[in-house]
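This structure is in structure tokens; I'll ask about it shortly.
Each chain gets a letter, A, B, C, D, E, F, G, H, I, J, K and L, in the order it is written, and its residues are counted from 1.
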Amino acid sequence: MSENVYKTIELTGASTAGIEDAIQNAIAKASKTIHNMRWFQIIETRGSIEGDKVGKWQVTMKLGFTLNG
Amino acid sequence: MSENVYKTIELTGASTAGIEDAIQNAIAKASKTIHNMRWFQIIETRGSIEGDKVGKWQVTMKLGFTLNG
Amino acid sequence: MSENVYKTIELTGASTAGIEDAIQNAIAKASKTIHNMRWFQIIETRGSIEGDKVGKWQVTMKLGFTLNG
Amino acid sequence: MSENVYKTIELTGASTAGIEDAIQNAIAKASKTIHNMRWFQIIETRGSIEGDKVGKWQVTMKLGFTLNG
Amino acid sequence: MSENVYKTIELTGASTAGIEDAIQNAIAKASKTIHNMRWFQIIETRGSIEGDKVGKWQVTMKLGFTLNG
Amino acid sequence: MSENVYKTIELTGASTAGIEDAIQNAIAKASKTIHNMRWFQIIETRGSIEGDKVGKWQVTMKLGFTLNG
Amino acid sequence: MSENVYKTIELTGASTAGIEDAIQNAIAKASKTIHNMRWFQIIETRGSIEGDKVGKWQVTMKLGFTLNG
Amino acid sequence: MSENVYKTIELTGASTAGIEDAIQNAIAKASKTIHNMRWFQIIETRGSIEGDKVGKWQVTMKLGFTLNG
Amino acid sequence: MSENVYKTIELTGASTAGIEDAIQNAIAKASKTIHNMRWFQIIETRGSIEGDKVGKWQVTMKLGFTLNG
Amino acid sequence: MSENVYKTIELTGASTAGIEDAIQNAIAKASKTIHNMRWFQIIETRGSIEGDKVGKWQVTMKLGFTLNG
Amino acid sequence: MSENVYKTIELTGASTAGIEDAIQNAIAKASKTIHNMRWFQIIETRGSIEGDKVGKWQVTMKLGFTLNG
Amino acid sequence: MSENVYKTIELTGASTAGIEDAIQNAIAKASKTIHNMRWFQIIETRGSIEGDKVGKWQVTMKLGFTLNG
């Protein structure tokens, strides 16, 4: 990590496929407006239940990127 | 919750009237620049003291909204 | 507190009126099947947002009662 | 979320297949006696080790449902 | 905040009226012996239950004041 | 731990004798209605004070058992 | 709990005999200057080691009493 | 669990494949020098981001084994 | 603190000189795009190690500022 | 505490007799390979249940010792 | 640590010079009324921001001393 | 971070000079037996008090290194 300054934001991604896919969805969406993303950290994993199955997996993560990179 | 991606920010609202009003003030202010706000969660409730009374109630909350909804 | 044994459950009450009312709603509902309720403790306060206002206040609490009192 | 009251219980599901499957197992089992399940939240992910591999994945979650829905 | 030194104590106020009133009660009582109180922060909100209603609201707070101000 | 599903509940036991005895009291009481109890974990240890001595020891624990084992 | 105001302080008691005795020592000492003590809660349990044995048990607790009761 | 003594260490495993695989990698590596491993618990799940995708999944876990088994 | 609304963001500053300097670096960088900054709070202090010395000090902080001043 | 460097490890001791005895067992076992042990701190207290009684008390502690003292 | 009883209080010191100096300021001030101070522990490090620089460093600490030494 | 496996240990360094120096002391000592150290994270900052001044600064940190590099 250089002497750069990093900013961390909090996002929640969702997916019917599973935990990893919910994270990928959030990163893909964020990449449209944020460049120089560097890392993420899972904060919370939740999901909706429909009948007797998981409906959507919902993963909240912190996402760090270089500020004015 | 759909397969959308959500972003969470942290705000502190203040009020002389009480806890609920401090939250409403922060949401009203945020609504001028953020659309598609969906939920909030109280993180911390503080206040200033003036003499022997509460001066301002100060409530810090997380506020979630649909990203590029 | 006597040598009784206590059980704690977790409930979420909701209200359009405010935090205290959401708690009262949950206690009133629980009182239909649980007797000897003794105390509650707020765990989390959230809410939905509709437009630029709080929609429903949602308060999650622990609720303790005497077991087989 | 309506003005209903919700109850949250804590379950641990297990699976040899992975984290998502352990959660599905717990929800499927709970659905036999609980109706109106709405959401879950992962509290802890553990597992047993057999030799140099994971034996069982064990996921503890909170599970929320409408009370007397 | 100046180069003063501050001390923080922990108090629990109670009220039949609600959360804000329990805090006001504790601050009013503390003001009889402590001067230069500056801020408070809620640590825990609990209450007793009598029948199907909240009996007393009990709010534990940290309370900061200038030391030898 | 097999592929069973476990449920965890929260109990508070009390005793004038000490911490271990308060836990044993809660487990003995719970055993009248719950079978297949497997483990406990202490969450909080409190007590009442009478004069200059501990009155009752009050231990809150999580208690896990096999669901429909 | 009445509409009184309570104050909580933090003490550490020590004993060569065990956890319960360390708590009793702290309460006995505090009772010389504080009246109306009502409850305690264990915050941390530590100890010194001498050779291959526990030397002193050191228990830090919160201790609540009625303010100007 | 017998009257044995257990030791817990903290490891971080990495994988391009996903969360479960990162854990398996850490356990496989640890098994070369540690015998009698019994359980693990996830402490933190992070990852690097390369462009608009997860690069490496990095899972930090506690890993328990029988001491001098 | 007036009835204004405050926003809090999370930044990580780095420095080879030490903890205070890493914070100053982050604040200096943030001041180019954010006005009305009011306070910061350290969340985490980490660092890289090069050989037998600290390489870069990395301090993550929350940083609060008046919203739309 | 001198300018020495200390290392902390995490151990779990077990006993059928109680909490203090489980800690003594872990310290006695550790003393066979570690010298200069200085302090411990309880992290978690659990236990197995056999029928309507505690089977084994299991206490997880941090244990500190002088490094290359 | 002898069989004495210790009390812990919470103070916030401030300084324009840095973190260590803010702590020294609080300890120097406290020493005017408290004797037998033994240790401190940092609880929180904050600061005010003036323009693009840290104004005052504000460090909140627990401070322990022998009771009735 | 490559597909390597990392181990984290917990150390406490001490110094009369300040926080950064206590960390450097611990890293220097650890470097005599551990190679491939990569990062540290501060867990707790404490100190002894002698009279009205800090005696020794004591910083507890996690320290990560490549396992069997």
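To be clear about the criterion, a residue touches a chain if its C-beta (ideal position, glycine included) is under 8 Å from a C-beta of that chain, and two chains touch if they have at least 3 such contacts.
Please read all numbers here as calculations on a predicted model, not as lab measurements.
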Exercise for the section: If every step must land on a chain the current one touches, say how few steps get you from subunit B to subunit H. Expected result: 2
Practice task
Enter the minimum step count from subunit G to subunit J; a value of 1 means the two chains touch.
Solution key: 1
Practice task
Answer with same or different: of all residue numbers used at the interface between subunit A and subunit H, are over half used by both copies?
Solution key: different
Exercise for the section: Find the geometric centre of each of subunit A and subunit F from their Cα atoms only, then give the gap between the two centres in Å, rounded to an integer. Expected result: 38
Practice task
Just give me the whole-number Å value for how far the CA centre of subunit H lies from that of subunit L.
Solution key: 22
Fill in the blank from the handout: Multi-partner residues in subunit C (2 or more other chains touched) are 9, 19, 48
Exercise for the section: Kindly provide every pair of chains that touch. Expected result: A-B, A-D, A-H, A-I, B-C, B-E, B-I, C-D, C-E, C-F, D-F, D-H, E-G, E-K, F-G, F-J, G-J, G-K, H-J, H-L, I-K, I-L, J-L, K-L
Practice task
Within their complex, state which residues of subunit G touch subunit E.
Solution key: 1-9, 62, 64, 67-68
Fill in the blank from the handout: Seen from subunit J, its contact residues with subunit F in the complex are 18-19, 44-49, 51-54, 57
Completion exercise
The subunit L residues in contact with subunit J across the complex are 9-16, 25-26, 29-30, 32-33, 48, 56, 58, 60
Practice task
Quick one: which bits of subunit B touch subunit C in the complex? Just the residue numbers, please.
Solution key: 19-20, 23-24, 27-28, 31, 37-42, 63
